[in-house]
Amino acid sequence: MPLSRDQQDEIEALRNQSVPTLRATAPGMEAHLYTAYPVLDHGFVRVVDYMGDDAAICQAARVSYGRGTKSVSNDEGLIRYLMRHWHSTPFEMCEIKLHVKLPVFVARQWIRHRTANVNEYSARYSILDREFYIPAPDALAAQSQVNNQGRGAALAGDEAARVLRWLTEDSMRAYDHYEEMISTEGQQGLARELARMNLPANVYTQWYWKTDLHNLLHFLRLRADDHAQYEIRVYAEEICRIVADWVPFAYRAFEDYRMGGATLSATALDCLRRMLKGEEVTQENSGMSKGEWREFARLLD
Amino acid sequence: MPLSRDQQDEIEALRNQSVPTLRATAPGMEAHLYTAYPVLDHGFVRVVDYMGDDAAICQAARVSYGRGTKSVSNDEGLIRYLMRHWHSTPFEMCEIKLHVKLPVFVARQWIRHRTANVNEYSARYSILDREFYIPAPDALAAQSQVNNQGRGAALAGDEAARVLRWLTEDSMRAYDHYEEMISTEGQQGLARELARMNLPANVYTQWYWKTDLHNLLHFLRLRADDHAQYEIRVYAEEICRIVADWVPFAYRAFEDYRMGGATLSATALDCLRRMLKGEEVTQENSGMSKGEWREFARLLD
Amino acid sequence: MPLSRDQQDEIEALRNQSVPTLRATAPGMEAHLYTAYPVLDHGFVRVVDYMGDDAAICQAARVSYGRGTKSVSNDEGLIRYLMRHWHSTPFEMCEIKLHVKLPVFVARQWIRHRTANVNEYSARYSILDREFYIPAPDALAAQSQVNNQGRGAALAGDEAARVLRWLTEDSMRAYDHYEEMISTEGQQGLARELARMNLPANVYTQWYWKTDLHNLLHFLRLRADDHAQYEIRVYAEEICRIVADWVPFAYRAFEDYRMGGATLSATALDCLRRMLKGEEVTQENSGMSKGEWREFARLLD
Amino acid sequence: MPLSRDQQDEIEALRNQSVPTLRATAPGMEAHLYTAYPVLDHGFVRVVDYMGDDAAICQAARVSYGRGTKSVSNDEGLIRYLMRHWHSTPFEMCEIKLHVKLPVFVARQWIRHRTANVNEYSARYSILDREFYIPAPDALAAQSQVNNQGRGAALAGDEAARVLRWLTEDSMRAYDHYEEMISTEGQQGLARELARMNLPANVYTQWYWKTDLHNLLHFLRLRADDHAQYEIRVYAEEICRIVADWVPFAYRAFEDYRMGGATLSATALDCLRRMLKGEEVTQENSGMSKGEWREFARLLD
């Protein structure tokens, strides 16, 4: 369980304190607020706060005085238009604040998205918990044979058992030593900021992470993608489910134009036009490299 | 009047739609929400949305599960500590969205603050209103004799009258021509994106502007300062009044450590230590240039 | 002429001061350095400094010790791969610094690209020159009948003449009054920071603008596009010519994947697959709105 | 040794390839270019590229056509003025690109500075080296008794020996298992992106890191400070030495106004004025908390 009884009580208490507000409120998001959705073995994602809704996107695009909603169908059409033509600023007018618990190696990928605000739990100041990510058997994947940064099938048998044993034993031993090094019983006790360096990258950390909807969707496009590492993708997928309830029009447009869409090069567009005229186009006469052609063919399949 | 009857009605309608929310809510801010506070002759500032309150700053600093408030006095102490030691990330966890109507030359200063989200009314797409900033008599200042980017006393008599007449007449004529150029009655009509170039920099524009509390305070420190141009300072001062009600602890710490504070150089600190020991320190033996010494002396006066 | 004799001499002097460096140097860029390429009637673009070249992109992508160039063909292949898969960080490792002279209404569009560093000529501190953009006859376009933010054909006859006369006369009168208001002969003289507000948006300003290659290419994609306003597009096109000589591999990949490419939605990809199988797809059975279908059909034509 | 023979040869080769350039060149920086300065036991910092010099700061501040240097003393005065009055944009006109090898726990602090460009060595794609930070005996500090995020004296005797043994043994064992898990001899081999999670935070990584001078100085102010963790401070100090040779005027101003300076609150300034008038000011009548007063007293001592 990622949460202690006390932590759950604190969250529950917040969920019971409804107050009136004049602000734009998204009912779909209120239903998610504060709830910690489990991810991986000890992690979670929970919404701590949000600003705006689908109407707020339109309101900003129109720089309007009232809610800006002329009609619901108008709003969806406008949002699709904005997404299709890469107008990013109206989407920046919505904001989300998440509390995330995640392994350090996932946090290191996540933080590359720089246009966001972050407050991480400090291992200089505080003591980390004994919580480590140990992959479930089906997530214990072999190195891909064809892709240097991909995965193959799950490991099996002795190999899987040995890997799990090492990951578990090394984590536990590292934490035992961490505790013993910082202990002040009968000794000075190593500084926390030093002791933490003994902990492996599967140890869990936590942070508050706040970003706007435009940058969030960019994050989701990259991290909910098939090519993303499984351990960050499960966080992205959980966030996708939340965003779909928060700003349903924007999320549907995102699914159509970004997640399910694809960018074609000038060369690829030219090939397409030839193919639609009935010409036989092959990699050899396409003007594309083998890698590009493979990706192109897969797209049209 | 900066607002039409219709616009006021739209705003009024929003102020009557209170809904329940689970989010952190700042009562002081709810009282300001949507109200358009007049600034200059046709401008205004109004809060369209906000995220967070004083407690949210502490909650993020502590990466806590519940509201994070241990006690109100604890919270103020923590916020003062964070401000004093330049911890910026917890303040980034609050966000504000403003609708501002302002002259173009003010907008051009404002936009230099890049860490913000902006949607401006489009003069490519839409037609600007006949609204121009004409300074009140006491804001019609002479060029400073001592400071290339400062102001002296207000102009008087014939000179003042002539300046006001030119500003008014040139604005009106420019707008007349703007209207006539884009008119399609009996002619093709010039493209809006071209016609707007005839309008002077005192024409009003509007935008939605969203930023986090840390960047907002940085903006206010520079723009509510005595050295800021009067026409942007009045906007900043109006926003200061709003922020003081939104996050009272953070705003008080800001007043003490930023607005009312000052940064002293190593040289200045050294002079201070000598002065406190009773030594007579003058510009000549201070190690400072005349300009630095003048600023230093004014600070201690 | 955008440059005075003195300014040209200053630039010439710099072009004669070659010094040795150990840094990555792009010969194609050295040939452009400092030269002010004219744009519009009084504007220009000139490169003041740059960092990196095609090899530097690869070097960063490989985090290598030496230049990182294994072979030239390898480098181009890697750059195309990075561009195709939206890897932005290696392109951020090149930087460019431009000096641009441009009308204020163009500057206001330009500045929306926030990830850049800017130093603009200060009209609070200094006096602006009597230079205004007056469109050439073929750039004096009518408002588009079909697109609220587009242009139609050039104005003609009396209408064109009247527009040109107004633009010219209003600019000159505004500048006359600007000069007379700030004059201190026999009067106090209005503060510069106020007097500038009388100048229309076609007055020229200047700035130093510095950005990285990734953000520059994003700027060029939007501003060298057919839908961009003509007056900013000519700046973007001039910069395109420079970039093509600076980082030829990156620029070619940019032309193929960005400028000449297009993003298709999931719905559009699905239509394509159906069309390639021989199915008759129309707007009605496409799942697209009329606007989307029009854009889609134009792409394949 | 942080560098292999081959890596040193690659670097040496670059240091022998001087080419002519028209760009602003800083002789003090050319002398540092490419050289890998050792930091900690396996780390280093080396300058890969730079843009601009002291004169470039002035050139941008003046938006000038030539080098912008009127006289060297003028330049230093202007730079001091800009630094004193928090004008940040001219300093943003210089840029630096570093190659840094550093332990992961240091990288995690470093990356919090978001206004920078980063390309990190990919442990998804590549295999990390067997290099771990093991503190020198005098850096093996105890937890501070008074400051939750500080250090006390160095550990001694058995305790020190035990900590060093654990850090070393746990690192080596983790790396042994890492190697065995990714091995494909007689087994499938675990995906690299998973195997890396077994490595502790003292393992070394590397990145290219590029930022502008303004943001670099902000980084140095925080990380070369006494309160920074020793392991990041030694990197910051090495960079300080490089910057002092690159932009000597800017660096001297930085030392005086930032590193050696201090920000006083309105309350503290008021106390100072009272003290200078001869009044006895104590914590009790100062209006400051005990913590603030302690910091204030230390400053004036």
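Letters are used for the chains, namely A, B, C and D, taken in the order the chains are written, and counting of residues starts over at 1 for each.
Throughout what follows, contacts are C-beta pairs under 8 Å (C-beta built on N, C-alpha and C of every residue); 3 or more make two chains touch, one makes a residue touch a chain.
Protein identities per chain, from UniProt: A, B, C, D = Flavin-dependent thymidylate synthase.
Fair warning: this is a prediction, and the values are worked out from it, not measured in the lab.
Trainee: Given a C-alpha superposition of subunit C onto subunit D, how large is the rotation in degrees, taken in steps of 5?
Mentor: Superposing the C-alpha atoms of subunit C on subunit D needs a rotation of 180 degrees.
Trainee: Round to the nearest whole Å and give the separation of the Cα centres of subunit C and subunit D.
Mentor: 35
Trainee: List the centre-to-centre spacing of subunit B and subunit C in whole Å, with centres computed as mean CA coordinates.
Mentor: The separation of the two C-alpha centroids amounts to 29 Å.
Trainee: Averaging only over C-alpha atoms, locate the centres of subunit A and subunit C and give their separation in whole Å.
Mentor: Distance between chain centres: 33 Å.
Trainee: Would you mind listing the residues of subunit C that make contact with two or more other chains?
Mentor: Each of 89, 112, 118 in subunit C touches at least two other chains.
Trainee: Classify the inter-chain contact topology: is it line, ring, star, complete, or other?
Mentor: It is complete, because no pair of chains fails to touch.
Trainee: Which residues of subunit C touch subunit B once you look at their complex with the stated criterion?
Mentor: 103-105, 108, 111-112, 114-115, 118, 122, 124-126, 133, 135, 140-144, 148-153, 155-156, 159, 163, 166-167, 170, 173-174, 177, 180-182, 184, 187-194, 196-202, 229
Trainee: Which stretch or stretches of subunit C touch subunit D in the complex?
Mentor: 3, 6-7, 10-11, 13-15, 17-25, 30, 33-34, 48-52, 56, 59-61, 63-67, 89-90, 92-93, 95, 97, 99, 117-121, 206-208, 210, 212
Trainee: Can you tell me which positions in subunit C touch subunit A when the two form their complex?
Mentor: For subunit C paired with subunit A, touching residues are 77, 80-81, 84, 86, 89, 112, 222, 255-257, 259-269, 272-273, 275-276, 289, 291-292, 295, 299-301.
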